[in-house]
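Step one of this worksheet: look at the structure below.
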């Protein structure tokens, strides 16, 4: 039985449909990420699971129990808030103990559990501090410890890394995954940062305008997006819009401005004339100064952005179309600004999108 | 507050609701009812609402009190006098208060908090005592007259007390903080960027003030003006302590009517007319403030 | 707003004149409370005789005791009523009579005191003739003060609630606390600066009130302002100078304390 079973829930605020007929199933001990742009409804979705909003229809079942109509304080779900929401008038230990006190747990057991949690997030020396005396990263750990203290069946995390600076983010990402593995709790993270989602989760759902657009592993989402939105939202992409046509050597896409049709992956199954898009990830583009013996696009290097381990090369084609290529290491050094290059890729490295 | 329960909500809202209904709304309704009664000797000193004349219940109301007020010149002058005095005090408070608010808004950091605190502190000390202090200053053998006499500027004491001057002074003195704080609020919310933009576009300081700062602080000015005007109209202590025999303000008239003449129905009628008269500035205030807030 | 440079003379002048105007009468009072002579104009040397006279004055002493008693009761009532009212208005956007309620919460702040006093007295008189209670005195003054005090407290509570992070309440609910617990353990502590300063404000307002108390009082209850008023109607009284100084000192101390407390709480909140 899945831990979290959501069946066709919807939530409307006035005229806006924030969440539309969404269904989801999450297994025990999964690290699941819900990814989407701001305003897509992911926070509303989270709040529906936590119990702060009541769904207009549909059901939420946690570990076999229908919690759809239950208030937040009886659900076996805990949430780590984006702003951490640490109680300012209590110290770290009291914050962590708060949920346990509501359960009327035995005093000694509370103390033991609090110590356990403090050790888990490495904040044992800070138990007497007040929230305003802690740094952002420290507050985040306390918030996590507080949310895990009650051993909830499901932990909801609302943009857990958003308030942290870049270095701390990377570090915290690792810690979160480590803790999740150790504790075994099912995590549901909501974020707009696709790097966060792809690196931490074992499964990702991409959400847009109240609906789930694609659910899959991070690799599936990235390598095989099912729609233009997913291809564009997750990572960088080069998109070509056109119509399907068949050439002598296989399916191709007739795109306005290109004399030749662009070759598509050989196994593409579509009818002649169908409207589709081809998505090519920047790292799949191969740049060469001489014409390669496959389909290639002539372009000029407009700028090169050095990223440390590689470079993003921005190209402009003769028709004025912008392309992005990612070259690892120092390979981009071979090209200077204004250089004329040929951009090509093996046809099977593109993804055909019909949505 | 999710899930507080019907009973919880009822208590939370109901308790203050009932209290205010009982101790604010109901008393005002009783004032209206008594303004329609006649004065009698007895306890209570007014006629009952319903009288049983042996056959059936009759509603005993009269508009005689209102007729009295309308007919007697004294009341009209008192209403007008109150309004004029309050209006004058408001203008003076504005002229005195705006520069002070401006100066505070210009101060930096901790000094600002200190200045605001110093503006508010007199408000927290006894109103009565502060008004009384002016008696010691303004009376013929008071501080100010002695001071001027010692300097040789006057030969006989100036009549500074028990007249229009002292009443206005008292009003301005008491209500000045209520003008300063809202104006300061507006000034501190003013985006400095706008002032700089105006200066950058070539406007001289006077024009920056008249064209940018003043219009944008209009909400503060309006709020402050109403906070001074409306209570000042019904002010009693200041005209009583600092005013003279020809100081006619409606608050004092109401008090005299009640305590000295023991005419409760007339006092009630005076109150009803006063509330009605205040309704206009109150509604104007509400509309103006709602409009500026929406803007 | 930062400075515009050359206008500083104007500002210094405005502040000097402004604060001078506000504080000169008060400082004069304080000064003359130590004046051995009764007259304002003659300085006869430093003396504490008026403080002594004040301490021995039975009428003032009992009036002060009455005032403090009334103020404490009124402030406490105001706190409860005002907190409930502030919470209601801030948290419930729809309930029957909300508009009237909102109006009734603000009106006592602007309606002239003579009208409030008159209406309350007429109300108490009507109550007495119908129910035989209350007889006018300390109880009626306390109730009257509690009514307008509650409105002030409600304003402060509303303002503080507006800046209150509701995520804290949600976090508490999420951790298993029932709504009542959230109110008691999270919300009220969270608005404690407003509650404390509200009590102090209501206390001060009650202590300072003359008009309303005069209307609703009974034969046995004289408050301090009433005693002062009857004293100063006859002219300058040096005992009142002494009283004024003591009062000022006490209030300044209390207000400074309250302001410091609020600044502390604000500092704690800002860093989160």
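A, B and C label the chains in the order they appear, each numbered from 1.
One rule holds for everything that comes next: a residue touches a chain if its C-beta (ideal position, glycine included) is under 8 Å from a C-beta of that chain, and two chains touch if they have at least 3 such contacts.
Source: prediction; values computed, not measured.
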* Asked: Which chain would you call central, comparing Cα centres to the global Cα centre?
  -> C
* Asked: If you average the Cα atoms per chain, which one ends up farthest from chain A?
  -> B
* Where chain B and chain C are represented by their mean Cα positions, the distance between them in whole Å -> 17
* Inter-centroid spacing, chain B versus chain A (mean Cα positions, whole Å) -> 60
* **CA centroid of chain A to CA centroid of chain C, Å** => 55
* Note the residues in chain B that touch 2 or more other chains, in rising order. => 2-3
* Hunt down the residues of chain A that sit against at least two other chains at once, touch-wise. => 52, 71-72
* To do: Going through chain C residue by residue, note those that touch at least 2 other chains and give them in order.
  => 173, 178
* Of chain B, residues touching chain C in the complex -> 1-5, 8-9, 11-13, 15-17, 19-21, 23-28, 30-31, 34, 43-44, 96, 99-100, 102-108, 113, 115, 117-122, 124-130, 132-137, 139, 141-143, 146, 173, 176-177, 180, 187-188, 190, 192, 195, 205, 226-227, 230-231, 233-237, 240-241, 251, 254-255, 258-259, 264, 267-268, 271, 274-275, 278, 282
* Structure fact -> In their shared complex, chain A is touched by residues of chain C numbered 165, 167-168, 170-178, 181, 186, 189-190, 192, 267-269, 271-272
* Complex interface listing, chain A residues touching chain C -> 50-52, 71-74, 77-79, 81, 83-89, 98-99, 102-103, 130-132, 139, 146-147, 150
* Mind listing the chain C positions that touch chain B in their complex? => 1-4, 7, 10-12, 14-15, 18-19, 21-26, 28-29, 32, 39-41, 80-82, 84-85, 87-88, 91-92, 95, 97, 100-101, 104-105, 107-108, 110-115, 118-120, 122-123, 125-126, 129, 143-144, 146-147, 150, 154, 169, 173, 178-180, 182-183, 204, 207-208, 210-211, 214-215, 225, 228-229, 232-233, 235-236, 240-241, 243-244, 247-248, 251-252, 255, 259, 263
